[in-house]
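Accompanying notes for the structure given below.
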Amino acid sequence: MTLPEGQEPDATSDPGATPEAAAPAPEVAAETPAKPAAERPVRPAKEAEPKEAPRVAPPAGSINETLAAAAPGVVFNAYMVPEMKGECVTVEVSRDDLTAVMTAARDDERLDLKYLRCLSGVDWQDEGLEVVYHLWSFTKKHSLQVKTRVTYDDANVPSIATIYPAADWHERETRDMFGINFEGHWNLVPLLLPEDMTDHFPLRKDNPLQEIEEWQGENLRDGAGEGDE
Amino acid sequence: MTAQKAAPPTLPEKQVEGAPVVAPQREQTGIEREAERLTPVPYEPGTALYRQILPGILQVPADAMLALSRKSSLWPMTFGLACCAIEMIATFMSRHDLDRFGIVPWPSPRQSDVMIVSGTGTKKMAPAVKLLYEQMPNPKWVIAMGACATNGGPYTRYDRVVQGVDKIIPVDVYVPGCPPRPEALIDGMLALQHKIMEERNK
Amino acid sequence: MVLERDPALEVVDMPINMGPQHPSTHGVFRMVLVVNGEKIVDLVPHIGYMHRGGEKLMEAMDFRQGIGYCDRTEYLAQFSAELAYCLAVERLMDLQVPERAEYIRVILTEMNRLSSHFMFAGAFGVDAGVFATSFTYAFPQREFLQEVFEEVSGDRLMYAYFRVGGLAWEVPDNFVQRVHEVLVHSAQGLKDIDDLLTKNEIFMARCQNIGNFSADQAIAYGLSGPMLRASGVPWDLRKDEPYSVYDRFNFEIPVGNYGDVYDRYLVRMEEMRQSISIIEQALEQLPPDGPIVPEKMPRRLRTPPGEVYAKVEAPRGEWGVYLVSKGGDKPYRLKMRSPSFCNLSALRDMTIGQYLADAVMILGSMDIVLCDVDR
Amino acid sequence: MMLLAAPSIDMPGWLASIIGLVAITLVMTVGVAYATWYERKIIARMQLRLGPTRVGPFGLLQPIADMVKLLVKEDLRPATADPVAFELAVFAIFIPAFIAFVAVPFTSDWLISPLPLSLVYLLAISGLSFIGFLMAGWGSDNKYALLGGMRAAAQLISYEIPLILAMIGVVMVTASADVYQIILFQDRIPLIALQPLGFLIFLTASIAEVERPPFDIPTGESEVAGGVFIEFSGIRWSMFQLTSYVNMYVFALLGAFVFLGGWEWPFGRDIGWGYQLLLTVVKMSLFIFFYLWIRASFPRMRVDQLMSYAWKVLIPFALLQIFLNGLFIVYDAPGVVLAAASAAGAAALAYLAFRSVRRGEPRKPLRMVPVRATGAPARSAT
């Protein structure tokens, strides 16, 4: 509605079409990238899709071996997901070992993972709640992904905000959104939600989206908005 | 790119102030506590002093003059909520320059005439929006800028979002768009000026 | 006689609530400052006034619809947010983006960095107390840039132009010429803002030696982008973990020495010059024609199960997308690691001990986007 | 209209003064309203905008519209405010600003009341307004207002001192504390030539006294969101605004009279009151334009920098000016010597002024880390 003169939103190419057909055909107005195209989808059929991400063991000499040396006595399960393009080794630890792993990751010279990149909560429904930590080392240029999983009923994870100050707000946010209690956090009041709301976890899968109300404006007068203009 | 106009909402019929407060049996959940904070602000137009003291014959020119000056000097509050705030700032800046119409932003609600709700109203923000609206002196107007302020827009299905700012405060002009272009906001301002002139004798 | 201290004359610390509606909180950020006179004793940030659940809504939408929420979340650097999201989905689907699309993505992202930093310069000048002049100098340049974005994508602010696998449609015919024109304007606007602010003595006095943050602190707090570089860490994802075609350009990364507010300002100004240089190189190398979507583009976007963390160097820092998919056409969980959120979490430690007016400057130097903080 | 002090009209002096003050109040109200228009237009041009254009031709009716709207706006008082302080604050600022005009000689004939110490009177009256700021800041029961009021009091009192010291230098040279006599003194050469250092100090301190940027920390929008005015609405707030502009007029007039020669220089006294008034207005407008120019282009100073600037830079230099003037008087040196010495001092001030704001050694420039292209050669596509 508001395009300047001489500018049409017409696509000269369409993501679904083959390039030779698309290049000189400006009449195709591409509203969606998924237009019906001559080509068949290369993706296999739905039932053939795997349910689980394929996991492979990390190659020898990966960071998980360093971690095992740096944090002795910690049992963890290391794997890689091929989609991560080999850049990130994932380590699954139990929550009891989390503090030890994080301390080792930060303080050990061989790991030197000083930078907490991201902290996410994931709601795996039947399989409980998961916290994912992305760590990065500026000096060694390697990364590590640490996961820990808890159940709904016992959603307690030790806080790492004293180890990584960056985790402070991330943990508060994750507590807001998923109800994961980070034990030992100094100030675990709701961050994104109102401060007295501690019993509502919007990003859990069992929290539905709200319905769209038909009539906007509770005290709108009859016939308003239908007048002149 | 037209701005729809809505009449000022009428007063809600039932008054909640007089009702006896029943002590809750159990502890309220956060959602329930929040719902109490989300009661709408009623529309209460003030009565000007000159209407009571001026003789009737003089009220017509007085109305006209006052409406002319009010519409010529609409001062919005600088109140950027979300993405629409960028377009609102763009409207005040060089290329579009709302100052041409005498519209200059002021930092405090006490000196403002118009509240441009430029963005999504969330339930955490709603009490603040209501407070700011109540802090503005009469006569005051509200422009709901953008889809989010009008009905929640793309975020309407998330349960932390108020589905339209008119759920909590009375809105005079709705400016559609996500976000509205600066031209649309100027059009909304002109629609508000039109409305002020039309309702000058109310 | 015993001298008694009158309790009414005790000096007490005064809490001041700043926000959510305050001209210098850049949106609906709220901070409760405890001041002793003009000195800040404590600061408690409150965010979440703009928490509107983009992550939750994106779980209910398919991959293509999510792009719009990326725009609306990071509304000053929309192309960066879109790029991170598209990179994540592309890596899950193992798509190879055509070369021309990559170059156009780089050009638009860098132009978006220009427009975002122009916004920063304008807002920062106003925080410093210039009566909107920095804004009015910066906004015409933003308008020029937005015109190009609009010609390309059809909208002034919410572009939704990057798609998984490539671009939504071909750029206009005169795209290269238009970008060249706009770059001339941007260079001029950069000079204007330099003249207005950079060497202004009062501005320097206001900015220098406040909000200092050392490199170790910056890393510990997870800062990224210009905040991290101003603290002396030469870290730029475009250099260190190149994505798209960023490994094909020569440019320089400005790194600050002091980690104060003025360094952050200078780093951003210098980044804009580097962005102009990158855009010019990209325009030179841009293939004149070619596909903008992969040849084997599936009709429906369905990903295999898996997880991926994609990141780009957005104007405010590392914009990351942690995408978990269980298969199908919707993300199972999508976490946006927004740079503003992590940068803002360091506000308290930066501010304590400074003056009240400095808190405004420090907050302005973070260049936060509130929708990005609250998501 | 204001030929009231002329001896040809026979009426008691107090009546003439009252009538003159009322007339000046009315004229200044309109004048101030148009100062806002002037400000909006000038700043808009500096900001690549147009300013008001729609309300009347060239937006000329804009100030009228603003005034009428503000007059009928609801006048709110916060429930927790101190009623006495809140209600009376505006008068404590408003009245001193206007009674300053008693001693302002607009032309050689237009003077409400000839005071032998009118310069002292003007400075004393203009120093009263901080009481109003304190009352407003305290009475509003708002922390921003309180901060703004405290800042205003500290700033006004601090900058009063260099302002008065600069004026003492003028009084030493002209041997009179009457503005009228000071204007008469400048029939050959304006005092800005003899006292450039004093002029600079006056200019800086007057910006601080009228709380214009870069010294607008009591009302700084980005910090205290309007400062003392934050809780005021409607007519009360418009009176505050009016007063701040009237203060600007007063100091602009003072500067025009004391340093730029008023209506005397360069054409002498005999050009008629019309031209004299024109000359006064032009010189005053130069000052006002300068204030607006500064406003559009300078950031705000911080409160400690503001204070240290007054106490560590301006006051010593003002004392230096007084010292130079004393030498000039004692040794009866020619005016050129005084002018040269003062100019050297002014240059030193101009250099030191900003440098003193910023402490520390020169900064190292940014470190640039080059990134070289390592990727595939370009144009490998297709």
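We call the chains A, B, C and D, going by the order they appear; numbering starts again at 1 in every chain.
In the analysis below, a residue touches a chain if its C-beta (ideal position, glycine included) is under 8 Å from a C-beta of that chain, and two chains touch if they have at least 3 such contacts.
Note that the structure is a prediction, hence the values are computed from the model and not measured.
Participant: Please find which chain has its CA centre nearest to the centre of all protein CA atoms in view.
Facilitator: C
Participant: As a quick test, compute the distance in whole Å between the mean CA positions of chain B and chain C.
Facilitator: The answer is 30 Å.
Participant: How many angstrom lie between the centres of chain A and chain D, each centre taken as the mean Cα position?
Facilitator: Those two chain centres are 57 Å apart.
Participant: State, to the nearest whole Å, the distance from the C-alpha centre of chain B to the C-alpha centre of chain D.
Facilitator: Going by mean C-alpha positions, chain B sits 37 Å from chain D.
Participant: How big is the gap, in whole Å, between where the Cα atoms of chain A centre and where those of chain C centre?
Facilitator: Whole-Å distance between the two chain centres: 19.
Participant: Hey, what residues on chain A touch two or more of the other chains?
Facilitator: Correct list: 2, 193-194, 202, 207, 209.
Participant: What parts of chain C, by residue number, touch at least two of the other chains?
Facilitator: 22-23, 48, 51, 53, 56-57, 60, 132, 136, 140, 156, 289-290
Participant: Return the residues of chain D touching two or more other chains; collapse runs of consecutive numbers into ranges.
Facilitator: 47-49, 221, 225
Participant: Answer with line, ring, star, complete or other to describe the graph linking chains that touch.
Facilitator: Chain contacts: none of line, ring, star or complete; other.
Participant: Would you tell me which residues of chain B are touching chain A in their complex?
Facilitator: Where chain B meets chain A, its residues are 1-2, 4-12, 29-31, 33-34, 40, 42-43, 123-124, 150-152, 156-160, 163-164, 166-167, 170-171, 174, 181, 183, 191, 194.
Participant: What residues on chain D touch chain B, complex-wise?
Facilitator: That would be residues 40, 44, 47-55, 59, 61-62, 64-69, 72-76, 221, 225-226, 229-234, 237 of chain D.
Participant: Would you tell me which residues of chain A are touching chain C in their complex?
Facilitator: By the definition above, chain A touches chain C via 2-4, 7, 9-16, 18-19, 22-23, 30, 32-34, 36-37, 39, 41-43, 46, 49-54, 81-85, 88, 114-118, 120-123, 132, 134, 138, 141, 145, 164-166, 168-170, 173, 176, 190-195, 202-203, 207, 209.
Participant: Using the touch rule from the top, collect the residues of chain C that touch chain B in their complex.
Facilitator: Answer in residue numbers: 20-23, 26-28, 48-54, 56-57, 60, 68-69, 72, 75-76, 119, 132, 135-136, 139-140, 142-143, 156-158, 370-371.
Participant: Which residues of chain A touch chain B in their complex?
Facilitator: Touch residues, chain A against chain B: 1-2, 193-194, 196-200, 202, 207-213, 216-221, 224-225, 227, 229.
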